[in-house]
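Each chain carries a letter (A, B, C, D, E and F) given by its place in the written order, and its residues are counted from 1.
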Amino acid sequence: MRHDERTPQAIRLVTIEKDFITHPEGSVLITVGGTRVICNATIEEKVPPFLRGQGKGWVTAEYSMLPRATHSRSPREAAKGKIGGRTMEIQRLIGRALRSVIDLEALGERTIWVDCDVIQADGGTRTASITGAFVAMTLAIGRLVEEKQLPVFPIKDFLAAVSVGVLEDGAVADLDYVEDYAAHVDMNLVMTGKGEFVEIQGTGEEATFTRQQLNELLELGEGAIRELIQIQKETLGALADEVGNETGGLM
Amino acid sequence: MRHDERTPQAIRLVTIEKDFITHPEGSVLITVGGTRVICNATIEEKVPPFLRGQGKGWVTAEYSMLPRATHSRSPREAAKGKIGGRTMEIQRLIGRALRSVIDLEALGERTIWVDCDVIQADGGTRTASITGAFVAMTLAIGRLVEEKQLPVFPIKDFLAAVSVGVLEDGAVADLDYVEDYAAHVDMNLVMTGKGEFVEIQGTGEEATFTRQQLNELLELGEGAIRELIQIQKETLGALADEVGNETGGLM
Amino acid sequence: MRHDERTPQAIRLVTIEKDFITHPEGSVLITVGGTRVICNATIEEKVPPFLRGQGKGWVTAEYSMLPRATHSRSPREAAKGKIGGRTMEIQRLIGRALRSVIDLEALGERTIWVDCDVIQADGGTRTASITGAFVAMTLAIGRLVEEKQLPVFPIKDFLAAVSVGVLEDGAVADLDYVEDYAAHVDMNLVMTGKGEFVEIQGTGEEATFTRQQLNELLELGEGAIRELIQIQKETLGALADEVGNETGGLM
Amino acid sequence: MRHDERTPQAIRLVTIEKDFITHPEGSVLITVGGTRVICNATIEEKVPPFLRGQGKGWVTAEYSMLPRATHSRSPREAAKGKIGGRTMEIQRLIGRALRSVIDLEALGERTIWVDCDVIQADGGTRTASITGAFVAMTLAIGRLVEEKQLPVFPIKDFLAAVSVGVLEDGAVADLDYVEDYAAHVDMNLVMTGKGEFVEIQGTGEEATFTRQQLNELLELGEGAIRELIQIQKETLGALADEVGNETGGLM
Amino acid sequence: MRHDERTPQAIRLVTIEKDFITHPEGSVLITVGGTRVICNATIEEKVPPFLRGQGKGWVTAEYSMLPRATHSRSPREAAKGKIGGRTMEIQRLIGRALRSVIDLEALGERTIWVDCDVIQADGGTRTASITGAFVAMTLAIGRLVEEKQLPVFPIKDFLAAVSVGVLEDGAVADLDYVEDYAAHVDMNLVMTGKGEFVEIQGTGEEATFTRQQLNELLELGEGAIRELIQIQKETLGALADEVGNETGGLM
Amino acid sequence: MRHDERTPQAIRLVTIEKDFITHPEGSVLITVGGTRVICNATIEEKVPPFLRGQGKGWVTAEYSMLPRATHSRSPREAAKGKIGGRTMEIQRLIGRALRSVIDLEALGERTIWVDCDVIQADGGTRTASITGAFVAMTLAIGRLVEEKQLPVFPIKDFLAAVSVGVLEDGAVADLDYVEDYAAHVDMNLVMTGKGEFVEIQGTGEEATFTRQQLNELLELGEGAIRELIQIQKETLGALADEVGNETGGLM
């Protein structure tokens, strides 16, 4: 039994509130237990210099935490004048994950910026960001579709992420802050609706892990991600049917 | 009649949600029409170097906007590697305003950090930040009092802020984004519960203003601030009675 | 009586030396008591990106202090790698003030840079900078007019600034460093030749002020600014007659 | 058959030259095909602030590439004034990997800095860095042991890394630049002498991968790492026998 | 004959105005033709970390130009966020030169900061800075002596600097901006009152020079520096007699 | 006799290994005693903004040291976020020196970047960099010539550099780290194959030097540079014959 009475495979309570902020093309507040992240998607009608003139789009992400999202206050990266390594790693991960399920040619010469701002942190902020960012991006794409600016629906599959890890008593899914701190092995999994992997990042924290432990972690992750994608579908409603339906007549 | 049908002296709908974020010692979400700001107060048990060993405390503020708090996306200051002049001006203003109503000796060698993070902007973000920050600071002080760490209640008076301005058709209170953009003269007023001034910042935008116009603006501001302080009192409940009650037996 | 034997309304000795530096289009050394500021105006034949193609000009200012302008040495901002909040606030104020009295359309697609470099500081450096910067800008405009590059004289009115404040013994004008340090309330006023306000910035330093005190401060400021504008006129000589004379035959 | 005629499981020619630079406590030049990295280990007799007084040591790594290590010249990070996200990710990975096989208590209050400077790049620079860094760290530890400054040999196991990936024709080990560029899936594996995992980082590049593909990649990686550790042992000579031998009489 | 009718060996008109700024311990305005530099010396009662506890002092210099010291406006280094290579080279040169004529042990654990701020530039700003900085430093030392804080006068010799160069028509001393721009070879000489060298920096500008030309340049420089030191002596008055007089009874 | 038994005029063992790195157009590893520098030359088919459209080329250099090139580890400039004054001085010197022997018109609108990365330091790193950089640049030019992209061979003369200095026992050539640290006077000389000067930088380290000492240093430097150029010629082989041969038929 875990410290909050969950079973090893149980994820925390997850809610996704649509249209949380007024201005963005897509906006959600995702809550995963005590972790809360605002995910805002912006459509920009141009691409970064390295892609210009190729007829392809781009998806990029930025991640940040409010100073007091955490137990004690962390200085702002803007005040320090530079973005830390952890932040960079996370925002590169979110962007890469989102790009794996979107057809960049079908998007056309546009950039989707997804901003993930953690307002409260209790473990799993990067995976909650990915799960929420997918919904925000899909809402923004839905807006483009409504405005008849896209010939096909460019999102090829669902995408969600979860952390899994090895504690003293065995492997568990969706670690909160207390568990994350205690874990010997920490793994972030990003997977699609078809159950394929997009990203596996497993790390022994001053420790190592066996092939057997790896397999247990992958099982836990697959189950959790199925649940998360179900919640994404409920949030998206009719728009969920367009995902992966590239030839759909509705367009 | 204004574009949203308010009278010149009417402020927008204001709500202040207490304990919005879990971790900070004081936390509110203040909503002023379409402007929404998370204000988190942190107590740190030390003071900046220039105050060490003087037995006095300090209050400082930081201000930021989410990239998509605005109609179009603004780049993050962390990504640009420096804080802009507007942000600096605002966070210096918030800190100065808060310090005007707190007895820094009574606070002892502590720093109160107040973080104001605008999640949605529709004009008046700096004044909403001050009005919300006062409540977050008072909640944090309330926590110190409960823990019997303060001999007297150090907050001497209420504090709120509002913007006033001169439009084509005359002076108005609490400008939203559309009005702010159109205003010839823009003034931010910070005042106390006793109706005294803490800060007056009036600026002609490629324009000038007369003594008569100044007086009209001050009248509008005084009325609006009385209303805002009433809302602060309702939010704070019993704690409101301690403000300005430095000799109070409850301590 | 004040510590230097001035009456409350008396300003310090003010001199404005024209053509102090050879290269700039307009250059003055303004001396206000022990405060000395070099104000250099540069005409650049282009505008910042946000104004391109609109047929309008721009005026911007930069402010700095020599490290030993002050009693003890302050590190250079260049050495620290960033401009502090106080500097940003001041240079934004100077630029905004200058723009309030110039017809940017009449200026055409040009930028006027005004550099205010404090070589000796004794209180009131930002207001001395504005008063001097106006003269430097007007000299630079005079040069453009001589070269027949402007159809009308674009400066609409005179502009000067002064600090006023509340000391233990009451309100005074033009505070020096000692008075500034002791003041409970500090206010900077920027006004035009017609006696209209451009900017009011009043701040209680860990204190507040009443409507009555505000009115006293405004009276003192108006008187001081009349005197400053008189000195500007003497410095500018014949060029002073062009200010505000937009239809003048001399052009 | 691969473009350089290797079988899918074949790694490139690997050499590790000991004592490449004179000054460091441990120094190697590792060559993996066309990739060449100088790995220098420095012993510093103090720890970072967050560890002070805990009787534990620390291992940290920095990674950089010469501007012309690559086909076209890349600007220096020092000239740009900041370290990029890719560099940060890599140096965090190297440090984490090294810490997984060292007993930080046994190291005592010391920091080992490992600098990995890529002088020539042809794919796999981060994994070559880890494989070389382990040898440099072990040499530096050997020096401390010789000087009788350590009670036990603190390195618990061997450590090496390799990249594996999925090309058009299937999975392969130790990708060079051409293969890395073409790969759909790219995975970096860090493993120990006992065959346990330290780090798995698998990424679909605008693509996804199945559980079956993951297993093939892991097989290839395990084989490659066995070979790399054999080469490390040959380089280290007698010192190799100390690794993992924490109770060894030789100390 | 040179463009301003000087002979090859003639230096421009040089004046050194003492006590130009009020606050510094030593302050001069040096004018060399159209070049004008404010040199301010500050005494700080501590030394940089690398010298602490050694009973020795330090002399360091900073150099800057006002944006409009030059024909066209140069952006401020503070605005660019970093100090350029040219500035660094110059301020390192000034500091090194000053340290060559002061007995750092006799100075005690103090730092002398010399700030050289060019307010108007017409060639030779670095050499004018050195010549002026020497006087400012000596005035500051004089102040310490007056306050009986130094057992001996620590300045061992006079110090001045001049530029010399090779033009189309031959070698000349003290180049102004026009000559500097045209010179094939540019040399800065720093010498002492005894005629010894402190620094020689000769550079062919996309050109080379012979031993014969070097000798001509050195002759010109020696003559010019004798004249400059004479002017320093006149400026310093009685204080000049203390220079090099380490055993002097006046102390 | 010197501490390593060299005569005053003897230089250390010098080797220049051609084609050290694969990718650059020109690459050498130069070894001067214990000092080792990788010099890589890159041809870029464009020029910096200030030269565009003038039909001229440019040569620029960057210099860096690995953190552990020195006895104790120096922090990376990339980690500190800025390039230090010493580095800037050196890279400006290298670029200036190379430009003195190349015909920039004949080079055409191209930039040659020369990167000098010190992997091991034992005194004289800047002069070794220049001597090696000349060979790397010449190799890169040779490549352009082979590809028939240049009408004439643009390198006008050989170029090498050496340090000379005054020790307790007299003047010596090619100082190693121990001698450099002890020297009273330190001079860097850059000269051409014809024996002309490109750069003389002589500095008294808290000391001065006489005309007589200067002459001794110049003699030592001239001898050393003749030897260095002989080694460059041997390294370059047939390509050496093209240097200075601007009308050569081989082109």
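The rule is short, and it goes like this: a contact is a pair of C-beta atoms (placed from the backbone, for glycine too) under 8 Å apart; a residue touches a chain by one contact, two chains touch by 3 or more.
Just so it is clear, the model here is predicted, and its values are computed rather than measured.
Asker: Enter the minimum step count from chain E to chain F; a value of 1 means the two chains touch.
Answerer: 1
Asker: In this assembly, which chains make contact with chain A and also with chain F?
Answerer: Looking at chain F and chain A together, the chains touching each of them are D.
Asker: Taking each chain's centre as the mean of its Cα atoms, which chain lies farthest from chain E?
Answerer: The most distant chain relative to chain E turns out to be A.
Asker: Using Cα averages as centroids, what's the distance between chain A and chain D in whole Å?
Answerer: From the centre of chain A to the centre of chain D is 29 Å.
Asker: Roughly how many whole angstrom separate the Cα centroids of chain D and chain E?
Answerer: The separation of the two C-alpha centroids amounts to 52 Å.
Asker: Name the residues of chain E that each touch 2 or more other chains.
Answerer: 81-82
Asker: Could you walk the ring starting from chain A, turning first toward chain B, and list the chains encountered?
Answerer: So, from chain A then chain B onward, the ring reads A, B, C, E, F, D.
Asker: In their complex, what parts of chain B are in touch with chain C?
Answerer: Spelled out, the residues of chain B in touch with chain C are 82, 84-86, 88-89, 91-92, 96, 99-101, 104, 157, 187, 192, 194, 196-204, 206-211, 214, 218.
Asker: If you look only at chain E, which of its residues touch chain C in the complex?
Answerer: 21-24, 27, 34, 38, 40, 42, 44, 62, 64, 66-73, 76-79, 81-83, 87, 113, 115, 117, 119-120
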